[in-house]
């Protein structure tokens, strides 16, 4: 049980310069007892309202140096209660970015630009290690060529034609594990992984790289992250893809050389894979 | 990998009387090979487009006697492919209800009335049994009294007052397992379980039944279903609750005896429990 | 300017029996001055926070006999401020319905069943009459036959085939004007209009009535309401329709006699008409 | 009547470099006749399916030089049908941005970054001018200081304290009219207006500018746009603001100097103003 979507803004000031971190926190506990379920005895139950207060109080006292550190702080706090058997904290960030005017950063103005949402998770079982995950979600990417799908299995219900030049478009979800909690530079690593994802998805800027399937693109992302970022133990990638259908314009008296395409939003394909180190 | 939100309507006619079942199907496979991820070799990959065609073709040939039977049919179909290691199918129903005019059912007109969405799931590993789940989600219930929360654990961050008369309001998700697939009357059982949920939530119509916590209400639902419906092996209940805050009207020069309350939508509490038979 | 989505629950008790009305209120004002825009002089500005307090206070003191009466109360209140040039209040209801167990109504338990959302609007200009509107929205209806579309205009871009048997499915929005505020039985009238809408949409229960177009169905609804409900002055109907595409299964080796259809959610057609009395 | 959310991607290639414009088009017509409503006679009705085909065909033949030009093309096309009395076209853009790797633009890869959605509208009555509007919506901005609200009107329901240092956060909608259609550089003007909005909202980068109310900020945006962009005839601004509540931490034994704030998403204030030239 727990509290979901505890939303708040943590404002930090250095002179006239302001720094904001707006987050949404979900905190869940499992207790060692079951009396609250069986007998209606609430004596060990930490109210979800108290969880909310706790998250806000820790934000005040500790600040949010990184999302991950704040998730760790919350887990450690709840582990001090002996009736807690397990704690999990999920945090996602509202993507505020500092405004710039003619290249000059503004001291206290921000714009919301959601091009991939950063999140993290920390969890701990009593007597177990505190493990930390981080990730990016709602990252929508598209490449307009260098993608195909050929040589697939065919049966009586297969009508999909083979293609060696199609649009590849999808929403990416990536989540990786840092393993047992250590003193990492979480902000630096997160940005580096985001770069790896974009690079593996799109290939070199002058020519791209051919993707023979969503599966292979997912694997390329995972392989690049694991090779470039040693702190990542396991990486999960989910690619929900939107198919772009080339409109048949023969009936309209026109030829359409992949110039006008219609997105097919439902149904959509999904491809998920989790990859770890040996 | 798989195809999500395959939406379609299956229309069945008996003379002038029409019967509709509109569903949303998600079908996922895991293959025995990994060549598509590692080498871009797609020769074993059943395209998600073929999955969609298959679901539509099976709907045509088999009809949808019950959601569960249709999910079973889909799983069995994909298990005939030897490269498939695992198959899972999720189906949810659009809640069309037959229109009535002055109590007379209409032969072909329907209204959408989403007071709890029916869904089911079937899954199978190669060499394993086909197991079937069913459930209800997005079921929003409220009781305006006979609910409290007292005697809970307190620490320095606890500000929640004890209450013995509050509103209990939440969105219920229930999912149960039928265990290995057998020839059940899935429609009858689903309706019986829905009745159990409503009864356990609300208590007798003339007085209700006191709930000392969300946890106890969740447990009461599970206990009633397990005692009344022998086919259910395991039942999971998630209750996402909306707190109703009694507005303090002292500053407005008014007393408010729990007459005007404001829903607090974020953050919201969540309470989940899975219960099986011994 | 104003306050939107002021959500609250008004609980009314008669002995052990509870009655709930949960609503969402939007209240907007236009002031006679413009100093707040031009000079930043706020001396005439009624804060939106005060608007919220006012709505809650009026709910406490007056109750919500009907949505329409409550909207009227709010408008009248704000018209007592001489700086107010115009006031408009919109209210929509959360569709809580009393739970029944074996036909017996429960004293304090409710289920949310959104099969058409009731709303109303009241507005007044200084020195003008207080006019009241009411309506229903998000009403999703479907008929699986007795609908066609033929004889339409054709040009070089027309590919739609003529059909005399298709599914008609859509989301209805209806809003009508009562004209100048009078002492009507708003609940009774609203229910009667809802019945008219369902009847005009679906036709007689044993055979339905043929609809040659969305436009004609919209007009039929308007004509029936205007003929049956004398209090309605003007009625606006918007029908956003979802097209159901009969899946071509020739390539799958199957014939599909309008048994499997796929909803086309985007793009969707829309048809709107406003009709008054002579 | 018309067709809404006609979504498609227009791909333009110059050698290896690809340019994408993904849009959502809504096109509405009013006919000179009413036979389709009254008699079910569809002979003048241009099917919404034909509208969709037309939009796609025009995208193929004309391309989308700017959103505005494409909206103009659509309006002009439908005005060639003599049964059309009025046409309106709305277009909004999916915010794809070219990916960069180490500062190098990618030839065919894009990321979706929705920091303000561009849209436009064109409309024409028979015998009237073609008028063009453009705008930006879903633009979320925040300033963490230099905002207050004081000296407002007070009555018995006012509990809001006066503040001279609060967070100003909101979602902006701006729509302006270019008047009768002329040959403007719509892309250049749109970007210039976006800059004006950001500048007027936030003030100078080193110190900002004090906002005494949402109303004044709305007015400042309008005044700056009208003074800097001569092509704009009328400008409408709607600011839906999210209030950030400073959490009272006295009960938690902490002081909170505007460091931890909770967003209040409902109810929310709204402030709208339309301003033209003399």
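For clarity, chains are labelled A, B, C and D in written order, and residue numbers in each chain start from 1.
Heads up, the rule we're going with is that a residue touches a chain if its C-beta (ideal position, glycine included) is under 8 Å from a C-beta of that chain, and two chains touch if they have at least 3 such contacts.
Which chain is which protein? Per UniProt: A, B, C, D = Uricase.
The model shown is predicted, which means the values in this text are computed figures rather than measured ones.
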| item | value |
| --- | --- |
| Most distant chain from chain C (Uricase), judged by the mean position of its C-alpha atoms | A |
| Which of A-C and B-C has more C-beta pairs touching across its chains | B-C |
| Whole-Å gap between the CA centroids of chain B (Uricase) and chain C (Uricase) | 28 |
| Centre-of-Cα separation between chain D (Uricase) and chain C (Uricase), whole angstrom | 26 |
| Centre distance in Å when chain A (Uricase) and chain C (Uricase) are each reduced to the mean of their C-alpha atoms | 38 |
| Junction residues of chain C (Uricase), two or more chains touched | 7, 53, 57, 157, 159, 252, 265-266 |
| Chain C (Uricase) contact footprint on chain B (Uricase) (complex, rising order) | 7-12, 16, 18, 20, 22, 53, 56-57, 59-61, 96-97, 99-101, 104-116, 139-146, 167, 198-199, 201-208, 244, 247, 249, 252, 254, 256, 258-263 |
| In the complex, chain C (Uricase) residues that touch chain D (Uricase) | 1-7, 28, 36-50, 52-54, 57, 81, 83, 149-155, 157-160, 212-216, 218-219, 240, 266-273 |
| Residues on chain A (Uricase) engaged by chain C (Uricase) in the complex (per definition of touch) | 156-157, 159, 251-253, 265-266 |
